[in-house]
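What follows is a structure written as structure tokens; I'll ask about it next.
Going by the order they are written in, the chains are A, B, C and D; count residues from 1 in each one.
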Amino acid sequence: MSILLLIEQVLNGLQFGLMLFLMAAGLTLIFGVMGIINLAHGSLYMVGAFAAAGVAGATGSFALGLVAALAAAAMAGAIVEITVIRRLYTRDHLDQVLATFALILIFSEGTRWLFGSFPLFLDVPAALSGAVTLPGGIEYPLYRLAIIVIGLAVAAGLFWLIARTRIGIRIRAGESDREMIAALGVDISRLYTLVFALGAALAGFSGALVGAIQSVQVGMGEPVLILAFVVIVIGGIGSIRGAFVGAILVGLTDTLGRFLLPVLFGFVMDPSAATSVGSALASMLIYILMAAVLLFRPTGLYGRA
Amino acid sequence: MTDPILDVRGVSKSFGALQASDNVSLNLRAGEIHALIGPNGAGKSTLIKQIAGNMRPDSGSIWFNGEDVTTLDTVARARRGLGRTFQISSLAMEHTVLQNVMLGALGHDGGVMRFFRPVMKDHALLNRAMAALERVGLVDQARKRTADLSHGQRRQLEVAVALTLSPKAFVMDEPMAGLGAEGSRALTGFLDTLRGEAPILLVEHDMDVVFALADRISVLVYGALIATGTADEIRANPEVRIAYLGEEEDGA
Amino acid sequence: MKFRTLLAAASVAALGVAAQAEGVKVGMITTLSGGGAGLGIDVRDGFLLAVKQSGRDDIEVVVEDDQRKPEIAVQLADKLIQSEKVDVMTGIIWSNLAMAVVPAATAQGKFYLSPNAGPSALAGRGCHENYFNVSWQNDAFNEAAGAWTSENGIGKVFLMAPNYPAGKDMIAGFKRFFKGEVTEEVYTKLGQQDYAAEIAQMRASDADLVYYFLPGGMGISFMKQYAGSGADKAVMGPAFSFDQGILGAIGEAALGVKNTAHWSKDLDVPGNAEFVASFQAEYGRLPSLYAAQGFDTGLLVASAASKADVGDADAFRAALKEADFQSVRGAFKFGANNHPIQNIYMREVVKEGDIVTNRVIGTAATDHTDAYVGDCKM
Amino acid sequence: MIRERYLNLAIMLALLAVPLWAWVSDEPFTITLATRVAILALAGVGLNLALGLGGLVSLGHAAFFGLGGYAMGILAHHAQTYTPLMESPFLIEGTKSMPVIWLVAVLVSALAAFAIGLLSLRTTGVYFIMITLAFGQMFYYFTISWPAYGGEDGLSIYVRNGFPGLNTLDPIQFFGLVYGVLALVLVFSATLARSRFGLALAAARQNEERVRTVGLDAFRLRLMAFTISGAITGLAGALMADLNRFVSPTMFSWHMSGEFIVFIILGGVGRLFGPVVGAGLFIILEHILGGLSEFWMIYLGALLLAVVLFARGGLIGAFSGPEVGHD
């Protein structure tokens, strides 16, 4: 195991974490502003990937695919907010879990009905295919590098949006006091639709980005959804900064755990058992991390009590 | 003089720049009603929360019945005999009135990990619960859902639940709030008889009630106690008149 | 979950089929919804096509959807046996579902014909006279690949599979016939979609070949990421990750990859071209490996039904064992443990016009039989 | 409006009548379905103690269901292969006896629920939902990658385990056994709700501050409720494993946890018989809708959405009106 390989794995963890951040940011934004726990966030991720695959397949342009993913996911998000989520603001978490669980069923089977059961094709754009050599001689896929850059840019954009813009001020106000912002004369239901659509667009965008290097298939959103939940729970639900730190933490833990644990176990047992035990433990590692964080901070790293 | 039942010693608590409790010391002795008054935002609720165990002071200590309870939580303080009522009624709203007082009786008895005998047929608990309802005059409402009670009746129920605990001291946060003149008078009379059972630390806005009931009065302004004394002493205190009573008249 | 397909015609006499006590009732449990539904749909379509082409009107097929959940599969098996009273069962795609259903079904005297999946437990000690595997034993493609790799002078191999029984079976199968050195052996989380960490290890490895088994979406994700990673090692695997349904999603990233299979649409054996053409005509898509297996399973049922009455279990079993049908894979017969003895071919992913598909480039193993036949006491 | 008590009686009679009718008319599969309803209902009744009475929205109860299942699977597997479970420090053999298996299933899942509760009950609201979900996933991934008992393949048990005096292979007798267990647990559950513990737990759900102010520790109440709840769901898991004669990691999947909640919602939150009605409705729907369309889950989703949005009392609420306090 060389130091270069380790650095490369850290990059991989970073990239995975930033991808998770795009998912988690929408989730935590929606929770923070509206108090809604949205299990169907993974479905919006899937909608983005399918829209991108469909449009990129028809036009041959990845960029158009990305635009379509953003539009489709935002639109799906807005429709869901207006028809379903809006009725859930005053309900307890149980109803929200149930209703959004129902939405997962509808989205998944609906997508299968529209697109069939086979995975769709979506490829990395030609301009971003292949690998580049980084300083130190690490060869790294250009597309993953692009994801890191995009992820950081979106994170910066979100921080700017929340901290500096009028919309952000409204979002922060809505976060602290629903009645107050209504009293200020801001159309609260429009703001909520907007925030939900923004969260959905982020999910759809990451779905499309990931779709290019993963399988675009029905149900692709669920594993990511659960990871995103782990991220925001670690970071503190409602906090964008928490989502960012949590995502990077989960990305690094998962990637490095997968890579290092079998090696570590290799020192104390035979290689075949070590890979087996190591990868079994690696698959549980982020949940252990989450339990550990909550043990010491029951509302997450940046959560409000 | 007997040791005080409740003794607050130099408690301070701040939220950022806001000094909510500023080195507050006060005590509650057997047989007395000690009223805590002060303008809105003076830090009365914060002080009550620290006494009841919802909030830990930044510095200072709280002694109850000769024991330092500063680090104990609400549950432990309640079990040691601190009976509290809330400013805004805090009841199990889906339960019946009787169930709410039964809960108090259960808290007094302590044996909650029992899974088989129907609690509502437990005569020891029922007697205690009904006695408490009797005293506040809610027997006729026993089977009503708590959510269906009037505002005043909820206040009475709060007191009844505290009674079931047979506490060593009461801490009552504005028990008269929202009561009509009639209800207020009835409760005042009741509290008057209660002080023989256990002393009461009473937070109250209604000055008539305070002057009628209180053996001692403490005045809290901007988190700090500016005076403690009998009703007459407080009435006569110029500092109180300026800082509090004057302001009260202007504001009202 | 009831998709009943009645292929029995109105009147037996009118069509002049030889009088039999009763027809064969086939219960098919397969995956038609949720993830992996594509495989089940192909098996079903292939099977029904074979039954239809056989012209027999005494084969009734009841199709049920297991949603890829073992619990559901078990309940459906109960239903088919207790309520529908089927004679023959088939259709299961996944090893874990097969392990849940097959032992109980055969113990109740039903025939089970596996159109996909062949867990080692059912080939060796857990073999049963009523269990016929019409597809492959899990290790088979991998054993052939291991043999081919050694024969072609490749010495160092990087192995990867998901950390679950079928994954370990596949890797064990490869190692059984591979004579060279295994440089790394990596087990990933089942369902994992991001392989950056593993690909980095591959690039750093001094292996000559990456051999992996990642079924379904996992394989698609891996191949797309591998192609974009700049890694230049040759890649090989069993056919499951390179079949028609999946190649469409991977695209050109898979070009040149070698994979082992018992069938390919360009395989030059009698009946195969006709099968491919008729499947395409019937369903408007290219048949996959799974469709071919479903088709062969259908042919097997039809051939046995024409020889024996299913009411006579011994006779019907003997008829099945004869495997007297024209397999689209060419020569096909059952070994002592009722698992196939067949050729395994090496295929390469190529582009034909706009379509990415497979082409046979050689035979990796001839008349290959599985490794567990010796453990089977039947 | 019907009194809830009579409605409950009708539900139990219906659950008994359907398999009896199926037995008379020789439809063994219907009996199997009814058994499945009863077992899923049992799991739901378990969850309902935590969720309905205690207000603890656990999205990880599949963990206990799976543990119960694996308790059966592992014990029966060792008995089936004549290998001891462990030899040192003392010998433990497998078993095919249901009472022993049930006991182990209940103990193991209670222990797990206690441990998980100890950690996760420190959190509330969404955090609680998510951390229970995460614990469930932990078990799920662990069983998949743990090779000793079949990993993802699971474990097949060829012959159903035995119960003294009954032939459990006979569908109607096995149903009778499950029905008996369900009835007992329902009685226990009703008793619990009316007990001292039940009163305090329900109060803790409505107003934690109130419970703490009378000197009762809400955390301990919830931990106990969660433990009992997990134990019952574990028992259901052991029975489900016996019904299927098979266990696999999918018993741990979060969809399973979601379905338990769905049963409770369909029937009516906090209703004693809610999960029974919910599980029954779910199985019936699965069969009717499943017969109509390959995409039946879309309709299931739509129905679920409609119940959540417009019929909060669930089915029992629709027939018997709003809940009345227990006294």
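Basically, a contact is a pair of C-beta atoms (placed from the backbone, for glycine too) under 8 Å apart; a residue touches a chain by one contact, two chains touch by 3 or more.
Not measured: the values here are computed from a predicted model.
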Remaining connected clusters, assuming chain D were absent and nothing shifted: A, C | B
item: Neighbouring chains shared between chain B and chain D, ordered by label; value: none
item: Chain pair with more C-beta contacts, C-D versus A-D; value: A-D
item: Centroid-based (C-alpha) most distant chain relative to chain C; value: B
item: Whole-Å gap separating chain A and chain B, where each centre is the average of the chain's CA atoms; value: 49
item: Chain centre separation (chain A, chain D; CA means) in Å; value: 32
item: Inter-centroid spacing, chain C versus chain B (mean Cα positions, whole Å); value: 75
item: Gap in Å, rounded to a whole number, between the CA centres of chain D and chain C; value: 36
item: Per-residue overlap in chain D, given as positions that touch at least 2 other chains; value: 141, 144-145, 147, 295, 297
item: Where chain A touches two or more other chains, by residue; value: 108-109, 112, 276, 279-280, 283
item: For chain C, residues that touch 2 or more chains besides their own; value: 33, 163, 168, 187, 189
item: Chains grouped in pairs wherever the two touch, ordered by label; value: A-C, A-D, B-D, C-D
item: List of chain A residues in touch with chain C within their complex; value: 2, 4-5, 8-9, 12-13, 15-16, 108-109, 112, 116-121, 123-124, 129-131, 139-144, 210, 212-220, 223-224, 255-256, 258-259, 262, 271-272, 275-276, 279-280, 282-283
item: Chain D residues touching chain A - in the complex, by the definition given at the top; value: 51, 57, 59, 119-120, 122-123, 125-127, 129-131, 133-135, 137-138, 141-142, 144-147, 254, 258, 261-262, 265, 269, 295, 297-298, 300-302, 304-305, 308-309, 312
item: For the chain C and chain D complex, residues of the former touching the latter; value: 1-3, 32-33, 65, 69-71, 74-75, 78-79, 82-83, 95-96, 99-100, 103-104, 107, 119, 163-166, 168, 187, 189-190
item: Chain D partner contacts - residues on chain B that touch it in the complex; value: 52, 73-76, 78-79, 84, 86, 90-96, 98-100, 102-104, 106-108, 110-120, 122, 125, 143, 145, 161, 164-165
item: Complex contact set, residues of chain C against chain A; value: 33-38, 41, 163, 168, 185-189, 191, 193-194, 196-198, 200-201, 203-204, 216-221, 224-225, 227-230, 245-246, 248-253
